[in-house]
Amino acid sequence: MKVTVSRKAHFNAAHRLFRSDWSDEKNQTVFGKCNNPNYHGHNYELIVSVTGEIDPETGYVMDLKVLSDIIESEVEDYLDHKNLNLDVAEFKNLNPTAENISVVIWNKLRAKIKKENQLEVILYETPRNFVTYKGN
Amino acid sequence: MKVTVSRKAHFNAAHRLFRSDWSDEKNQTVFGKCNNPNYHGHNYELIVSVTGEIDPETGYVMDLKVLSDIIESEVEDYLDHKNLNLDVAEFKNLNPTAENISVVIWNKLRAKIKKENQLEVILYETPRNFVTYKGN
Amino acid sequence: MKVTVSRKAHFNAAHRLFRSDWSDEKNQTVFGKCNNPNYHGHNYELIVSVTGEIDPETGYVMDLKVLSDIIESEVEDYLDHKNLNLDVAEFKNLNPTAENISVVIWNKLRAKIKKENQLEVILYETPRNFVTYKGN
Amino acid sequence: MKVTVSRKAHFNAAHRLFRSDWSDEKNQTVFGKCNNPNYHGHNYELIVSVTGEIDPETGYVMDLKVLSDIIESEVEDYLDHKNLNLDVAEFKNLNPTAENISVVIWNKLRAKIKKENQLEVILYETPRNFVTYKGN
Amino acid sequence: MKVTVSRKAHFNAAHRLFRSDWSDEKNQTVFGKCNNPNYHGHNYELIVSVTGEIDPETGYVMDLKVLSDIIESEVEDYLDHKNLNLDVAEFKNLNPTAENISVVIWNKLRAKIKKENQLEVILYETPRNFVTYKGN
Amino acid sequence: MKVTVSRKAHFNAAHRLFRSDWSDEKNQTVFGKCNNPNYHGHNYELIVSVTGEIDPETGYVMDLKVLSDIIESEVEDYLDHKNLNLDVAEFKNLNPTAENISVVIWNKLRAKIKKENQLEVILYETPRNFVTYKGN
């Protein structure tokens, strides 16, 4: 019996959408006010979902306390109260769009989740805009 | 890398569930208080999701500002503050259930979204009742 | 010890903002798209709050099951799935703005709540627009 | 045209995570504070989704009033204000984790939903922890 | 300039509404299914608000991290995953209604908040039922 | 009959909590991770409430479309996608805590609301932390 267990988490961060290899004009045209050179920011809300068989011993797919601790160490400690462009290695040369952030988070979590289980992350950049990544 | 980007929107409308080719008694039996001849209404909340590859140039699957503008022109301008039965061509002979409204919205949006991307709409008729349509 | 107890409820209704003693032009100028002659509608969410002393016998200010029943009989049965302009006596000659609806609801509930307790209603017309009435 | 219709419901219950065939120490190690012998509890929020063809007669996949009544009789009447471990037959020898509760609910609802339609349940144990079960 | 700062928190607990000095019949008549002798439970959501002058040095009325720590030590550690009737001293002879729980929480927090500041607690027993206590 | 009308709005911004007249050590001790020199950010959600008499002509305390336009021009256009410390005049020498931001917003709105009406702003810095300012 395959069940999906999900855990919500959150972090706050600043970012700016732009490419250093583009002109200011092109960045402004493509990214508009998200290109403010002084940055803006978001309360990112994250839902992490793991799908797998229920362990008949415990009745758990995965202890959500363990999942919560993994999210804290891999995502919250790494991204919370950070400037994504300046403080986070993955975004030195990668535009921190919600899409790209969700892939970075998925990759960090994937390494910590049992191989036979599936992983999905949903990342809310605002309460009205969000992205979903399940691996390719 | 396929990612889904989602955008929330909303519109308010009046409607009535009934079929003009049925008797009043049958309409009342099947649709109950939703058949009030003077109409009732809802705040419809809409989530539109587009799935596709991340554009390596921008880091976007699709600019959510563009998606938001499409939703505004195709859905909000068309349905907001309307009587679905009387003011909207698609429902002249189609019962405006949440299911049928979601299909009408999906068809209007489908024409504006890149062919290689997948489209899903979730339509909340109330905070407790909602429907999902992904195309057939 | 005065405590406030609150209960959420909801109803769906159609309405139109207009005055029959005004010209169409004036109604359109003042009320815009809310003046659609074919009506539009909302999911109204209601929070009813009663403030009073805790009864030392029960530990209740008021049994919320009783409050819920009062709201159902006085408000939900009266307004749910109705056209406020056409189906509800109070709005025959009163514009059904959120402000006026909240006063009508408050007056109906006031008659059913113990005199020594205070009453407040919050009425959400949409998740983004709401009004509060506590009596004058 | 396959559409999914969804309905939210809720119930409140007490429970304790433990196995009677394990020692107190092992239960405490595995289930931590969820193992409190005096029980703790939750407001469980439930989303039931049914996927099927739109009936061209009614415009419904399934009348949500009917679905709501099934949820009430099969789930809410059965689990609301109960102690899952002591009052509910299925959990006499089954640990009432969110995963196991979702499977029990799914099985009870499956028997009441048309065979050609698909069924999914999402069960929120808290606003931050939830599980999804779609059948195996 | 007086500003109110608010912090949300939460705990899960089991309880039963009843008075040991009443007959079973009377308890059942007054408290209905909330009187289940095997207990039921809730996810309590708590909003704690402190009103006072902005400290011109810091721009804070009160550091919300400090408020969060006080709520954790005074409320969450004390009530989370507990059976209110059996595990919490204040409810040995006090019916754990939402009203009484809010007063118990307020009294515990009041001792930790600066005297010149005002304190309010809002306690959600369910998403639909909640109480507010500001001291008398 | 005094009624309060409320409107929700939102803006995204970056900020850093610190005082330029304090040492780095003192800023770090007092403001912790909110003192990141590279900034972090939030989705600020705003609720603006205006209390006054219902205009018997319109049934409005104030047209919420007008209030919405005032919030857009005074708050959203001024603060959205900005770095509060670097881009907003009021915070050149004022620490952009939620408390101080709420006072700045209140002052800007106060000038645009009729004198006889009362004004309150609630500002959510995160879904768990918020402040309320009503004027002194």
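All chains are identified by letter, namely A, B, C, D, E and F, in their written order; residue positions are counted from 1 within each chain.
Following the convention adopted for this analysis, a residue touches a chain if its C-beta (ideal position, glycine included) is under 8 Å from a C-beta of that chain, and two chains touch if they have at least 3 such contacts.
Being a predicted model, the structure only gives us computed values, none of them experimental.
Peer 1: Mind listing the chains that sit against chain B and also against chain E?
Peer 2: Chains in contact with chain B as well as chain E: C, D.
Peer 1: Relative to chain B, which chain's C-alpha centre is the most remote?
Peer 2: E
Peer 1: What is the chain whose Cα centre is as far as it gets from that of chain C?
Peer 2: Between chain C and the rest, the longest centre separation is with A.
Peer 1: Going by the touch criterion at the top, tell me which pair is linked by more C-beta contacts: A-F or C-E.
Peer 2: By number of C-beta pairs in contact, A-F is the larger.
Peer 1: What whole-Å value do you get for the distance between chain B and chain D if each is reduced to the mean of its CA atoms?
Peer 2: For chain B versus chain D, the centre distance works out to 29 Å.
Peer 1: With chain centres defined as C-alpha means, what is the inter-centre distance between chain D and chain F in Å?
Peer 2: Chain D and chain F have C-alpha centres separated by 41 Å.
Peer 1: Quick one: which residues in chain F touch 2 or more of the other chains?
Peer 2: In chain F, the residues touching two or more other chains are 127.
Peer 1: Between the chains shown, work out who touches whom and classify the graph as line, ring, star, complete or other.
Peer 2: It is other, because the touches fit no line, ring, star or complete pattern.
Peer 1: Return all touching chain pairs.
Peer 2: Every pair of chains meeting the touch criterion: A-B, A-D, A-F, B-C, B-D, C-E, C-F, D-E, E-F.
Peer 1: For the complex, give me every residue of chain C touching chain F.
Peer 2: 17, 19, 30, 32, 94-100, 102-103, 127-134, 136
Peer 1: For chain E, which residues are in contact with chain F within the complex?
Peer 2: Those residues of chain E that touch chain F are 1-8, 49, 54, 57-61, 64-65.
Peer 1: Quick one: which bits of chain C touch chain B in the complex? Just the residue numbers, please.
Peer 2: 10, 12-15, 33-34, 36, 38-43, 45, 80-83, 86-87, 126-127
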